[in-house]
Each structure stands twice: as structure tokens, then as C-alpha cells.
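Just passing along the structure, written as C-alpha cells.
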Amino acid sequence: MKIWFGGCAVLLAVATQVLSQRAPAAVSKDFIEELVLANHILANEDVVDGYGHVSVRSPSNPNHYFLARAGAPALVTAAAITEYDLESNPVTDTSVTGYTERFIHGEIYKARPDVMAVVHCHCPEVIPFANTSVPLQPMHHMGSFIGGGVPIFEIRNAGGETDMLIRTPVLGRALAQTLGDKSAVLMRGHGAAIVASSLHVVVARAYYLNLNARLQLQAIQLGGKVTYLDSEESKKSASDYERSWDSWKSKVTTK
Amino acid sequence: MKIWFGGCAVLLAVATQVLSQRAPAAVSKDFIEELVLANHILANEDVVDGYGHVSVRSPSNPNHYFLARAGAPALVTAAAITEYDLESNPVTDTSVTGYTERFIHGEIYKARPDVMAVVHCHCPEVIPFANTSVPLQPMHHMGSFIGGGVPIFEIRNAGGETDMLIRTPVLGRALAQTLGDKSAVLMRGHGAAIVASSLHVVVARAYYLNLNARLQLQAIQLGGKVTYLDSEESKKSASDYERSWDSWKSKVTTK
Amino acid sequence: MKIWFGGCAVLLAVATQVLSQRAPAAVSKDFIEELVLANHILANEDVVDGYGHVSVRSPSNPNHYFLARAGAPALVTAAAITEYDLESNPVTDTSVTGYTERFIHGEIYKARPDVMAVVHCHCPEVIPFANTSVPLQPMHHMGSFIGGGVPIFEIRNAGGETDMLIRTPVLGRALAQTLGDKSAVLMRGHGAAIVASSLHVVVARAYYLNLNARLQLQAIQLGGKVTYLDSEESKKSASDYERSWDSWKSKVTTK
Amino acid sequence: MKIWFGGCAVLLAVATQVLSQRAPAAVSKDFIEELVLANHILANEDVVDGYGHVSVRSPSNPNHYFLARAGAPALVTAAAITEYDLESNPVTDTSVTGYTERFIHGEIYKARPDVMAVVHCHCPEVIPFANTSVPLQPMHHMGSFIGGGVPIFEIRNAGGETDMLIRTPVLGRALAQTLGDKSAVLMRGHGAAIVASSLHVVVARAYYLNLNARLQLQAIQLGGKVTYLDSEESKKSASDYERSWDSWKSKVTTK
């Protein structure tokens, strides 16, 4: 029985693979432009610098995702947006030089069917928390997604002595495993990966993860007892950041 | 006797209500433009981000106030400015989607006849103080209004486990009650509400509340004894911020 | 003898006064433009906000100085530059609304013949030091003028309970006395006054006083022993900041 | 034998000197433009202010290097780029007013044949570390070059009581000696010197040295144990910063 089911699973996986690689998904120009915009916003708000990336799952094919080819987020254009399968291979143009760490995206999309968008960043306020044992906690409702917990990925456990990069599917899977069902995972000596059910929300979560880290450090420095959002408050708070998106968008488009 | 007076009070309240809702106040274009400008200044000076709002009481009808409809402060236009009664219902166009938290404004205007303008913000330097027991104190004369004390609103006392938002008149009233006769109230896990007798002063108070929080944290970090403005100094100091307004205005209008 | 000398001194003072008030000094357009530029630089580099001012002693009459009339530094124009005598009365147009605190300038020029330019600012990084007992010390050669010591002015000693402002010649004299022969004096609960032998240097000192305060706080926070410039190093270091001036100037003129 | 070899060495040195001074190296316009760009990037990213400089070794003559004449980095033009020999004398136009501290460059190029580019800066986040005993350590892979150790240069050991400047070849040599085979050296009470095998990498190292200092301070302030990149990770990590360069370049060229 076990073998039979196993065989089915393999067949299914193969079929999905074939299906998923047959043709690029037809996505609208607006869909691509939104992803370009997300890149520009993250750079303009100092969540990413020359490095870092943001992807979105294909709306028409859950086994594909879209991500710029290797390049600085601030300079990403529509022409750079590339469609990948979940093995993080480009679907059409196999000559594309992709981000070395695109496995962060592919492996998270595999492990988390609910995730529709992923950001990887070296968000500067967050790195101090990635390197210490002091846990990130939600300072205000805009950072409520932190309330579920933000685990830290120790790459030495998964890959021993490395150059810190998620260069392989194996490392990507280990990262996805540490992420678990959370909204973000910190990467020791590196940065963070943030996930959400939409592109707008993942950009906002990356922004507010970074802001929350700064606010929490300030609160700790005051020297008194810090009260964070409690578990119930975290669950009930902010799930929509549309006004922030509008505001960030206007800043990059009127430049 | 008590009943008679009570009846009078009810009649008076009803009359006021009727009067106040009969017609929108005729306010000048300049009045509206100033409120738009206040929105842009608060965004440009990083007192608000995509969220937060500023209102002003109607100059011709103390039972009405003006506030933008729901939207990012940086993008507010004259067309978005809406007139509300003190129940926070729009006076003319009832189809308006208002800020969820407009009750902050309505309930404060009800409780504080001296207040002519209100800001609600997630001012980032202030939030650490909202989440700890270390009281904000006036660092310099520009923050002298802090000298009267800045209470902290604990929403769990008024509403139990919430999404942190002032979604109802009841929560608005509880917030106004915590504010009391002060110039500002911090909101735990959320931000602050600031009041003043004019639009220019409320914008300046929101700005200097935020700046004062940063200066106070820095002073605490130095590790020595910190001397704040004393009670007399606080009462005597800065009540006018016109030069700051001029300066902030020039930054948003020459962009 | 004492009386005779005293009489001479009075006569001399009167003569000087008469001479100094006879006519406004003829200063070049460039001289005025430099002072306007100094205002704009200080605002652009966040040393002053809507408040604060910068003056320069008249090159042709040591008993006069030039200062903008009351207004935000960023908005100062050549037309606003006003000539004052050392009593801080305008020399020609007596209808001018001057800065309330112009006595900071007049009294320092009286007490310090070597001083040719004065800045008063609410420089934000400096205020925490003005309110604590931790002394400012020179972190690097650009802040070497701090090495001579930066005293703190406690206005309660001179004026009791005030609105913190230097509203009178008496308070101005007390401030000048605390300044002594130093390059700067911190004002508790208020800001600082900085002096130098030229306009360019006073602007630079105000800037680097502010920067040095930030660097010193950071060094203290590291938790180890901090080594400051020693007394000899302070005396020998930076007395020229022309390249900073060029750089700051290009930022405000190409805006 | 010793004398003979010594004589040879002297002859060789003389020959090299003659050769190296015979004619300026022919370098491309692009090469010069890149150095101008490096100046503008460092200023725009706040690694240098009005002071600080960046040089690159001549690609055609290892005994020459290129550096702007004295001036603010933000204002450097191609016409200001000057060719120097390793004694830090200008090769052609001997009337050039060079940076007082050009010996930092000349002496490092002499001591370190592997170094192709040098930055000297008063990078603000770094100075606190230059003045304390807390060692800089690599917070993330972008600062991996810090893992080899960043020594501190105490100018009093080399020159006694000075104005902190590297005014002589002797001081330059002492600095180069403290640098040793590392990527950067902090200068107590002054700033830092950073080296690399290319212009792009030296600019990035200066930027990330500054950023790393800020992140490390923040991590220390959190109060928990901080985990830095270990020795192996540091050796394996980031040696390429091209995307940062692209991003910084776009910011200064589209201004």
C-alpha cells in the first residue's frame, strides 16, 4: 500500500513537473509592473540595498513563481522579471543568470502552499536580532505578524561552514523548515526571509519587520519593562497595509 | 428638579444635534488647504507614514470637525476632506469611507471644548515610550507641553483583547478619558493622540513629541542624571511654533 | 584715579556708541549672501530646524553685527539681513521684528572681541548632553574645539523660572559669562551657542558639535573605555573646515 | 655579499624610480571617470563628508596612483584627478595642491603590492570603535572582510602629540605597518583607511565597514550574546559587491 501511494505521489509529482514546465504562465503586464514596483519600493524604503529580492507566485500556476534575474532591486525593469519553476529553474529562457539564492523562494513556495510572495533582505535593523538570542516581539499592531514568533536560521546546522548564502535547494529546504508556519525567519549573519499571502502584504511585512526591530531596540534601551502585543492582540491586528503601499508607491513613481 | 434639569439637558442636546447636523459649515478654501497641508507636513516629517490622521474642529460649528476620508496622509487632497459631526458621522455625503478610527477625533472634541485640532499617529520614536513604564518628560522648551504629563492608554482596560484600533465611540471615549486635560496620550502598542487649540500647534506638538522622545532616549543612554524642564518652566515655555510651520510648509510645497 | 578712569571708560563707551550708531556699515552683497547661505546650510544639515539663528560681526564696525530678522533659517533672504548694534537694537530700520533671543549674539560680541560669528541652535544630538552631567569631549579632530571644554548654562541660576529663552540683555550676559573663553556653551533644556573667528568656522563648529555628540553617545554605548583627543591634540587639530563648507554649499545651491 | 645585494637593491630602486617618474601613465577616460564616480558615491552614501579621499593604483604602472587634488569628494571632477608616484609627489604638474594626507595612499601602496585602491574616511559609525577597546567584528556576510581583524592605529605611538593628520611619509608608513595584511585600519580620534584589490571593492568595503559598525553597536545594545561570522565564514563570504556599486551609481548619476 505504502509503495503504491508512494508511486502515485511520484507520478503526480512528475506530471505536475511536466505540466508546470510546459509553458510560461500568461500573466498581465500589470502583474509584472507590480513586482517591479515592489522591488523599487523595498529599495527606496531601505529594506533592501543593492542586494535582496522579492518574488510572487504565479497566479495561474502554483508551481511557478516570478522573480527578477540577478540585479540590484532599485534597477529592476519589467524585462528582468523571469518565471521559475519550484526547482528554481527558469521556465523559458534557460540562459538567464538568476539570483544565486533563488532557492529561498522556490523551496518556501514548495513547503508553504499558502504563501504567495516572498522577500529576502539584509534589512539593517533586523540583523542585530538575527545575531542575538533576544527574540523579536511585536511593538505595535503594524508588526502584529511578529507575534506568532520569528525563528532564527543557523546555517551552520544545515550546511556547516559556508559563505552564508542559500546556494542550494538543500539549504533552501532547511530555511523553509526553520520558517515553519511563521511569517518570517531571521538568518544569522545574513538577514531575513519574509512571506505573505500577497505581494503588497509581503512588502509591508518586510518594512514593518525592520521598523519593529528598531522600535524594540529603543524600548529595551529605555530600561523599563516592555509590554508587547499579547498573543490575542497579535492574531487580531493588522492584516492589510494598502495605505502604506499607496504611500510608498507615490514616492517611487513621482521621483 | 433633577428630572426637570435632566429633561432640559436632553432637549438642549437634541437641539444642538439637530442644529449641528442641519447643514455643513461654510468654510473657506484656505481652511481646507491648510488641513491638506497639515497632512502632507506630517508625512514629510515622518510623524505619520501611510497611516495616521489629522483633523480640525469647524470654526463655524463646534459640533463638527473636518478630517480626510480614509487614505494615506501624503496623498490627501482637498476633495478628500470631509465634515463630520461629533458622533463621527459624515454630515453630507454618508457614502464616504471614513477612517476606522475617526472616533478618536469625535470623542476628544466632545470631551474637550478647548481642543480645536487632533492628530493620531504611529510616530516611531514615541512607541517605545508607549510600551514601557518610563514616562516621557520635556527635554527642551519645544517639548514643554509634555511637562503636564503624558498618560498611557491601555486598550485592554477599555476593550479587552482587541485589534488595537479605536473602532467604536466607546473606545474613543475611553481614550479621551485617559487623555484628560493633557496635550497628548500615548496608546500602548499603537501610537499616540495629540491635541491643541489650533491646527498649526497640533502639528508642531506631534512633531516635537516625536523628537522629544528621541532626545530623551539619548539622554537616558548617556547614563548620568537627566534634568528635564521643571513644572514652572514647562508652563511658561513655547506655545507658538509658527516658524517651524513655515519651514515645514516650504519643504512640501517646493517639492 | 578710579573715578577718573571710570569716567574715561564711560566717555569712551558713549563715543563708541555714537560712532557705532551713526551709520550702517557698508558691507558687500557677497558678505550678505554668505550669511544667507550660512542660514540655509545650517537648516539643510539639520543643525537648526524652524528655529535657531546665525550672525556675523560687521567687518567694518566691531560694534555692529548682522542677523536675519525673525524667521525660519531655511527661508532667510538677503532682504531679511539686519544690522544690529551690540545692545541688539536694529541700526537703521527700528521697526524690524528681531529674534527674541538676539541678545545671545549682542552680549557675546560685547564680551568676546575675538568672536566674529555666532550660532544659536537647538541642535538635536547636543540637547541630551545639555541635560546631563556627562561632559562633551572631542571624538575626532573635526571636533577638536570641544577639547577646551564646553560649559553648560543653567538658566535658573541667572533668571529663576523662565520660558528658557534669552529674552533680555541680562540673560545674554549671563550666557556669555558661562561661555567664557570657550568655543561653545550648552544651554540646559534648550540647545547651544557656538562661536568662532569666522562665519565658515562657526557653521562648521555647530555642525561638528552636533556630530561629535552623536559619536560620543555611540562610543559610550559600546561599553568600553573611550579615548578622547587629549589636550595637546585638541589644541593642534582642525581649525579650517573649508572643504565642508564647499560641500554643504553645493547641496543648498543645486537644490 | 650583503653589500653587493644592497647595492643592487639601491640601483633597482633608483631605476624603478626613474622609470616610474619618466612619464605619466596613459589611462583611459573611463578609468578616470570611475574614480570620480567613486568620490561621488562615497559622499552620497555618507561614508565621507567634505573630507576623506579615494585613490586607485595605476593599472599600467604599479609605482603610480591616482587621487583627486585637495577638495571635497562630492565636488571632484575628472580635471582634478592627479597622478602621484609612491612618494606621493605629483608626476607631471608639481604645482598641484594635494591632500595633506596623501601619504596614507602612497605608503600603503608601497607596503602592500596586492592593494589596488585605498579609501580614507571619517566614516561616522566607525569612529566610536576607533576610540574604544571593543573590536569590530563581522555582523553579516557583507562585512566578512572584517573577520580578518581590524587593527587600531594610535598616532601617539608613531608621532607623539599631533594634529591627528598623516602629514608625513613616516606617519604613513606607521599606519601601513599597523594595517599589516588586513583590509582596514581604524585611526583613533580620526577615522579609517580601507584597502582592496579594486576600486569597486574598496568603495563597498568602506560602505559596509560603516554599516557593520552601526549593526554591531545595535546588537551589543540588545544585551544578549552576539554571534559574529566565524573565521571560516568570514574567509568564504562576499568578495564581490557589483550590485551595490550599480545601485549607488544610479543614485549619483540620476540626481
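For reference, chains read A, B, C and D in written order, and residue numbers begin at 1 within each chain.
We take it that a contact is a pair of C-beta atoms (placed from the backbone, for glycine too) under 8 Å apart; a residue touches a chain by one contact, two chains touch by 3 or more.
Predicted, not measured: the structure shown is a model, and the values here were computed from it.
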Minimal step count in the chain contact network, chain A to chain D: 1
Label of the chain whose CA centroid is most distant from the centroid of chain D: B
Rounded Å distance between chain B and chain C, as computed from the means of their C-alpha atoms: 36
Chain B-chain D separation of Cα centroids, rounded to whole Å: 51
Per-residue overlap in chain B, given as positions that touch at least 2 other chains: 221
Category of the chain touch graph - line, ring, star, complete, other: ring
Which chain pairs touch, all of them: A-B, A-D, B-C, C-D
Interfacial residue positions of chain D with respect to chain A in the complex: 138-142, 144, 211, 214-216, 218-219, 221-230, 232-233, 236-238, 241, 243-248, 250-251
Footprint of chain A on chain B - complex, ascending: 43, 49-51, 70-75, 122, 124-125, 127-134, 161-165, 188-191, 217, 220-221
